[in-house]
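Mind looking over this structure? Questions follow.
Naming follows writing order (A, B, C and D), and every chain is counted from residue 1.
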Amino acid sequence: MTKLADLLSTLFDRRYGRSGVGDVSQGPIGDLTAELMGAKGEITGLTVARAILDRYAGFSDDEKLAFFRHLASDMTLDPGRVRAALDTYEAGETKASYAAVMMAAEPRRQELIRRLNQIPGATGALVKMRADLLRLGKHEDALMALDLDFRHLFASWFNRGFLVLRPVNWESPAHILDRIIAYEAVHAISSWADLRRRVEPRDRRCFAFFHPAMPDEPLIFVEVALTRGIPGSVQTLLAQDREVLSEEQADTAVFYSISNCQAGLASISFGNSLIKQVVADLSIEFPDLATFVTLSPIPGFARWTETLELPGPPEEDDVLRALAARYLVEAKRPDGQPLDPVARFHLGNGASVHQIHAGADTSPKGRAQSFGTMVNYLYDTSRVSQNHERFAASQDVAMSADVRNLASAAEKAIA
Amino acid sequence: MTKLADLLSTLFDRRYGRSGVGDVSQGPIGDLTAELMGAKGEITGLTVARAILDRYAGFSDDEKLAFFRHLASDMTLDPGRVRAALDTYEAGETKASYAAVMMAAEPRRQELIRRLNQIPGATGALVKMRADLLRLGKHEDALMALDLDFRHLFASWFNRGFLVLRPVNWESPAHILDRIIAYEAVHAISSWADLRRRVEPRDRRCFAFFHPAMPDEPLIFVEVALTRGIPGSVQTLLAQDREVLSEEQADTAVFYSISNCQAGLASISFGNSLIKQVVADLSIEFPDLATFVTLSPIPGFARWTETLELPGPPEEDDVLRALAARYLVEAKRPDGQPLDPVARFHLGNGASVHQIHAGADTSPKGRAQSFGTMVNYLYDTSRVSQNHERFAASQDVAMSADVRNLASAAEKAIA
Amino acid sequence: MTKLADLLSTLFDRRYGRSGVGDVSQGPIGDLTAELMGAKGEITGLTVARAILDRYAGFSDDEKLAFFRHLASDMTLDPGRVRAALDTYEAGETKASYAAVMMAAEPRRQELIRRLNQIPGATGALVKMRADLLRLGKHEDALMALDLDFRHLFASWFNRGFLVLRPVNWESPAHILDRIIAYEAVHAISSWADLRRRVEPRDRRCFAFFHPAMPDEPLIFVEVALTRGIPGSVQTLLAQDREVLSEEQADTAVFYSISNCQAGLASISFGNSLIKQVVADLSIEFPDLATFVTLSPIPGFARWTETLELPGPPEEDDVLRALAARYLVEAKRPDGQPLDPVARFHLGNGASVHQIHAGADTSPKGRAQSFGTMVNYLYDTSRVSQNHERFAASQDVAMSADVRNLASAAEKAIA
Amino acid sequence: MTKLADLLSTLFDRRYGRSGVGDVSQGPIGDLTAELMGAKGEITGLTVARAILDRYAGFSDDEKLAFFRHLASDMTLDPGRVRAALDTYEAGETKASYAAVMMAAEPRRQELIRRLNQIPGATGALVKMRADLLRLGKHEDALMALDLDFRHLFASWFNRGFLVLRPVNWESPAHILDRIIAYEAVHAISSWADLRRRVEPRDRRCFAFFHPAMPDEPLIFVEVALTRGIPGSVQTLLAQDREVLSEEQADTAVFYSISNCQAGLASISFGNSLIKQVVADLSIEFPDLATFVTLSPIPGFARWTETLELPGPPEEDDVLRALAARYLVEAKRPDGQPLDPVARFHLGNGASVHQIHAGADTSPKGRAQSFGTMVNYLYDTSRVSQNHERFAASQDVAMSADVRNLASAAEKAIA
C-alpha cells in the first residue's frame, strides 16, 4: 500500500521536492493547505495530502495547535458570505443559488479534511488528528467549533452502514488482539494468557466494529460470556480455573465489558448498534439463549454516597444493594438524565435495571468506585423499543420488581 | 446479511406491523421519514430505514417523484433559521453558536439520507435512488437542488480514500463480470466469449474501483491492452485471432475503454484517480513498460465537421487525421474548454494529444461519430502535472509535434 | 507460482541447460527419469521434475505411449527382488527386513510419480497424464498395470479427508463456472444464461469437491433443485420461465445431475461422499427439508427393452413406467449387480427406487435412451445404512410400494 | 466442521449407539478396525473412523500400545500371500495378477490408516498418533515396522507439492503464533514480546510450511534476519534495543533458526525445500540481497573436544574457532557423514562452511554445547547443486578459504 502510494507520488509529481515553489517537506503548512484547496489540488492532491499528513505526524503539540488554529481561523465559516448567498437564494430558488448557499455555509476546512482523506491510510491519521484536537483544544471555543466539523464528517464516514462487525478470537491476527489488550477500558487485560481466557474458550466471545478504511483498528468491542444463569461476580466470570460450558449448557449471554477504542471517534456513537447486532448474531448461532444481560460497573456510586451524609461508609451487602438501586434509578443530573454514565448508556438503549450484586467486583477499582457492587442491565428484546421510548419521552427508568423493592428499602434506610 | 437484518428487526421492533401507529408497510411515507428523524429514530432506526427503502423499491415513477418532492419541499433549507443562527453566532462565536449554524444550514434531508444508509446494502439502494432522481427530476430546480445534497454526501462517502482498486479477470466472480458486460459503454461486449478475450489473456488487463459497502458493484473500470508499440486500431486490438504477447514483449499499456458504471454516481469523479492508480500498478508489475496511452474515440468529430461547410464528407485518411487534430486542439466550448468530452477528460488529467489514426474504429458507431478516426492520449508521467497546470491555468492543450503539424495542415485545408 | 518456480530453477540449477550432460530440454526421457530417481534427485528434483512434465506436455500420442511403456517395462515390479526380500524377512522380522520388502514390493514408478508431484501444479498435470494413459493404454495389460500405480497413489492423495466441498454459484469465479459448463455430463448446459439459471436462483444449488492442489478444477459436482414435492420432469425443473421458490416453500431437495469432471480420476470414488455431505449441508441450512431424492436418467432402459421381444416399441406411459420399474429392480449383470449403471451407483449408496415418471426427459437423448422415462432414487437418511448393508450382502434392491407394484404389473405385461 | 461431521454421523448412521453390535463407543477396538475394513466400511466409514479416532484420543499409553500391537500383528504383511500372488503374476503378467500382487504386498494397516484419514481433522490426529508410536514403540521392531507404513503414507500425503509456504508475522492468527512459541527449538522464545521482536520488524521474517488438511499447525518454520553484513552473534541479532534496518540497507539474509514442529512427521524431510523456497521468495521481494547464510549452532562441538585429550577446556577465541572448524570439516561418523547433525543437514543441502564465530551464543545452552561458538553456512545459489553433488558422491565438504585455514591451524594446535 505504502509502496504504491510512494510510487504514485514519484511517478506523477516528480517536480515536488526539486523546485522551491512546490517543495512540500518544508515551508509554511498554510501554503500546503492552500495548494490542496487550489486548482492544482485535483491532480497533485495525493502528493500534497500526503505531505500535510507526513508533516503533521512529526509535529510537536505546539505545532499541532498552530495547525488547528490555522484551520480554525483561516478556513472557518464566513457569515457574510452565507448571508449574501441566502439573499440570492431567497430571490430565486434555483439549483445554482441553492448550491451557492451550500458552498458558503460549509466551512472550507471540511473540504480540506475530505481531500486529506484521499490517500491510503489517511482515515486513521485523521482520527488520530481529532484525538489531538480534543486533547489540546478543549478550552478554546474556536477549536471546539473546528472539532464539530471533524465530528460532522466522521459521523458520515463512520455511518453504521459502513461498519463491519467481526468476531475477535484466538484465531484473530495478533496485531488486532494486541490492540484489544491496549484498549480494554473496563476490566484490564493483564497478559496474553488473560486475553486468551477471554477469547478462546467456546463459552467466551468478543466482537468488534471495524471500518474498511482502518482494517487494523477496532473501533469498539464487547466481551461476552455465555453462562448458565445470570452471574453476580466478574472475578468468578474471569477466574482462571472456571469450568468451560458447552454450547448446550449456556442459557444466558453476559456483556461484561464494552470499550471504545478511538479517542478520535468520541461522540460518534456505535455502542447501541454493537449490542443489538451481537444479540442478533448470538441468537442465530445459539437459538437456546434466553437472556441477554450486562454485568456492568456502577462508576459513580461511591462518590454519590458521599452526598448522603451517612453515618459511615456502607458495608453490609443488603444496604449496599439497596443504595445502589436507589442511585441507579433515582439519582439524576440537572437535565433529568441518570447520574451514572453507564446507566445513561444502557437505559438510553432500552435496557432495564435488572439485578444488583454486592461483592461483584473485588478489584481495587471496583471497591473504590462502587464498594464492589455491580449491576445487570437486561436487554429484553420484546421490551427494548418500549423502554427506549418511555425513557426518551419521560425519562422513566425500566427496572425489575426486585430492583424496585431494593430502591424502596433504600428510601426507608436513608430516611 | 439479509437474514441478520431481518432478525434485527424482528428481535427489537416486534410492535411494528402489529399496531396501527407504527405499521411501516403502509400509510404516508412522510410519517416514516418523520419517525426516522424523530427521537425514537435512534433505537428503531434500522427498522424504519429499511421500511422506507423497501417501500421505495416498490414505487412507481410517480410515487418516486412524490417522494422526492416531499424531501425537496418539507426537508429543505430554512433560510430564516440560518439567519437567526448566524445572528447568534456573530453575537458570540462559541461552540454552541457554531453548532447551531451548522445544524441550521444543513437541510434535514441530508441527515435523513445518512440515517437511511445505516442498514446493510443501503448504500447501493441510495445510489440507485439518486439515479432515479437524476432521471425524473432533471427539469425541476427543487429536485436538482435536492440532488446537490445526495451529491454532497456521496462525494464524502465515495472519497478516493475509501475506494478499493481490484483487478477484474477470468477468475473474478461471474456476477461481477456480468456487470462489466452490462456497463461497458465504449466498445460493447457482445458475449461471454468476447469478455473472456478482454480479461483472460496475459496481455489484457481490466481494473475497477469498488466501494466496501457495494462489494458487488464496480463503480468505474478501465480495460487495458499490453502491446508492442502504440496501436492504431481498436478492431485489431480486439481481434479474435490476434497473437498474445508475453510479458517481456510488451512495452506499451493502452487504455482502450473507460466506463462509468453507476448513473447514481454522476459527477462524483474517479476517472483521474483510476488511471493514475492503474499506471502505478502496471509500472510495479511490468517495470519495462515505457509508454502509457489511451486509444480513444472522438465522439463529437463528425458533428463538428458539419459546421465547416466542407464540399462533402471528408474521406481521405490524411484529411481526416488533419481535421481530427484540428478539432481536438482547436474546437472549444464557449467556456474555453475543448468541445470533445473525451478530450476534456484526458487533457484535464494532464495527458497530451499524441497520435491520430484513420480507420481505427470501423464499427458503425465509430464511423458515425468520427468517420472511424481515433486518438491516442499520452500519459507521460514526467509531464502530467505540468500539462495539467497549464491546461487549468490557460487551457493550453499539450500535443505531440506530429499532431501539431496535422492541425496546421488542417488549417490550410479548411482555409 | 510459476514465476517462483522459474526462479527456483534459475537460482539453484543454473548448470542445467548449459552443459550437455544435464540438459533437460532434450535427450532420452529415460535419462531424466533416471536422474530424478538418482542421488542428485533430492537437490535438483524440482528442476528435473519440471523438465519431465514440460517435455510430456509437448508429447504426441506416440511419444506419450513410449513414455508409458518406459515406465511399464523399466520401472515395474521385480518379482525376484521381492522374493529375496521376503526370504530375509521371514528369516528375521526386523524393521530393516520389513523395510526391504516394502521397498522391493513397490514398483519404482510410484516413487517417480511422487517425485514428479513435488512442483507446483504437478498434481493436475499427473491427473491429465493418467487420462492419457487410460485413453491410450486400455488394450495393453502392462499399461493397465501401470495405471494401477497411478490409481493407488491418487486414492491416497484424493482421500476424502483432503477434499474440500465448495458451493458453486453465480458469485463463483468465471473460470470455475466455465469448467462446470464443460464438465456437465447429464443435462448439457447450453450457454452462460442456462448456467445462470442453475446456479443463481435461491432455489437452485450446486456443490463441488475440490482438492487443495488443484484449486481451479472441480473434481465432481452435483446440481440440486429445491422444490415443493418430488418433481417428475427435468424440463419443468430447468424451464426458463418457472417460478422461483422461497426458502420456506421448499420441502424437497432434488439431485438432478451428478458429473465427474476428471477422466484421470476414474475409479477414485467421491460420489457417495458428495451426496452425503450435501445432504448434511442442506439439512443445516434448511431445517425444513424433509425429502432428498434424485431425478435420474435410466440410461440402459431402451436397450434392455430390445431383449424383450415386445410386439413394438412401448409407448404408453403406464407400460413404460412398469417396464422401467422392472428393468431397475430385476435386470442384473452376470455378477448380480443391477444392469443400469446409475441404479448401481445409488443403490450401492443405500438409496431406494422411489418413483418412476414417463415423459420426464423429452430431450432427444432422453427419448433415445429411455423413451423419456426417469426415476427418483430416495435418500432416506434413516434407512441409508440398512439399505446399503442389505444391498451389499444380498443385492436386495430397496424400493417403494409404488415401484414394487409397477414391477409386478410389468411381470404380467411381459408374460 | 465438527458440527457438520456430527450431523453426518447422526443423519446417516443412527443405528450406531443403539444396538449392541454396532455400538462404537465401547467393545474391542479390533471390532471397529474390522468394521472399517469390511464391506460396510464404505458407507459407514466416517462414523467408524471417527469412533476409532475418538476412542484413541482417550487412550492411556498402555491402551495405545495395545492398539499399535493390534495393527502390528493382525494387519501386517502376509509373506505367503505375497508369494502366492507373485506365482500367479509370473505365470501371466496381467492387470489382474499385478493388482493381486500389489494388494497382497501392501499391509492392510495402510488401507486402515487411509480410511481413518477420511474424516475432517483426521490428518492431524494421525500425525499425533505416529508421534505416540515413535515414543512408545521405539524398542519394538514390530512397531518400528508399523511405523514404516505411517511414514510411507505420510511421505505421500506431505509431498512437497501439497505443502503451502506462508509468511508468519505479527498479523498472523494468534493460535499460529502460539505454536511458533511452543515449537521454537533452537533459540527459545521467552514471551509474546520476544516473539513480536522476531516477526514484526520489517527486517525480520518468518516462514512456515503448512498442509491444507492441518491449516492450524505449522510443519516446519525458519526465522530470518535481514542484516548488513554477516552477523557473528545471535544475542546481537535478537537484542531488544537493536536498530531496525530499512529494506534498502539490508544486503544479507540470515537463517538463524529452523525448527521442525511435528514429532509425528519425523524423517519426512521438508527443511531443504523450505530454505530453497524462502531464498527464492526473498530474492523476489528484495532484489538487492546478495548473501544467504545461516547463523547456526554447533551442537556436538563441546562433546567432541572431550575426545581430544586437551590439557584443559579451550577458552581462547582463536583456539575455539580453529577447533570448531576442524570439528565441522573433519569429524565424521563411521559412515563418513559429518558428526555434527546441523552440518549434515546444511552440507547435504549444498551449503558450505563459511565463517566461524566465538562468543556468538552466550546463552547457557550455547556455552554448554559449543563454548559459545557458532557457524555461518553459506547458500551460494550458483554453487548449491555442485556442492551437493560432490558431497553426495565423495562427502567433500565445501568451505571458505578462511575456514580451511582455521582447520589447518587446529591441526597444528592439536598435534
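Going forward, contacts are C-beta pairs under 8 Å (C-beta built on N, C-alpha and C of every residue); 3 or more make two chains touch, one makes a residue touch a chain.
Worth saying up front: this structure is predicted, and the values here are computed from it rather than measured.
K.L.:
Taking each chain's centre as the mean of its Cα atoms, which chain lies farthest from subunit D?
P.N.:
Farthest by centroid: B.
K.L.:
Report the inter-centroid distance (CA atoms only) between subunit B and subunit D in whole Å.
P.N.:
Here the centre of subunit D sits 55 Å away from the centre of subunit B.
K.L.:
Between subunit B and subunit C, tell me the centre distance in angstrom, where each centre is the average of that chain's C-alpha atoms.
P.N.:
The mean C-alpha positions of subunit B and subunit C differ by 48 Å.
K.L.:
Averaged over CA atoms, how far is the centre of subunit C from the centre of subunit D? Could you give it in whole Å?
P.N.:
Spacing between the chain centres: roughly 34 Å.
K.L.:
Two or more other chains in contact with one residue: find those residues in subunit D.
P.N.:
Not one residue in subunit D touches at least two other chains.
K.L.:
Taking touching chains as linked, do they make an open path (line), a single closed cycle (ring), a hub with spokes (star), an all-linked set (complete), or other?
P.N.:
Graph shape here is a ring: one loop, exactly two partners per chain.
K.L.:
For a test of understanding, state which residues of subunit B touch subunit C in their complex under the given definition.
P.N.:
170-175, 177-178, 192, 196, 200, 216
K.L.:
Which residues of subunit D touch subunit C once you look at their complex with the stated criterion?
P.N.:
Per the touch definition, subunit D meets subunit C at residues 3-4, 7-8, 11-15, 39-40, 42-44, 46, 77, 79, 82-83, 86, 89-90, 93-95, 98-99, 101-102, 105-106, 114, 117-120, 122-123, 141-142, 144-145, 147-149, 152-153, 155-157, 159-162, 164, 212-213, 272-273, 276-277, 279-281, 283-284, 349-350, 381-382, 384-386, 388-389, 392-393.
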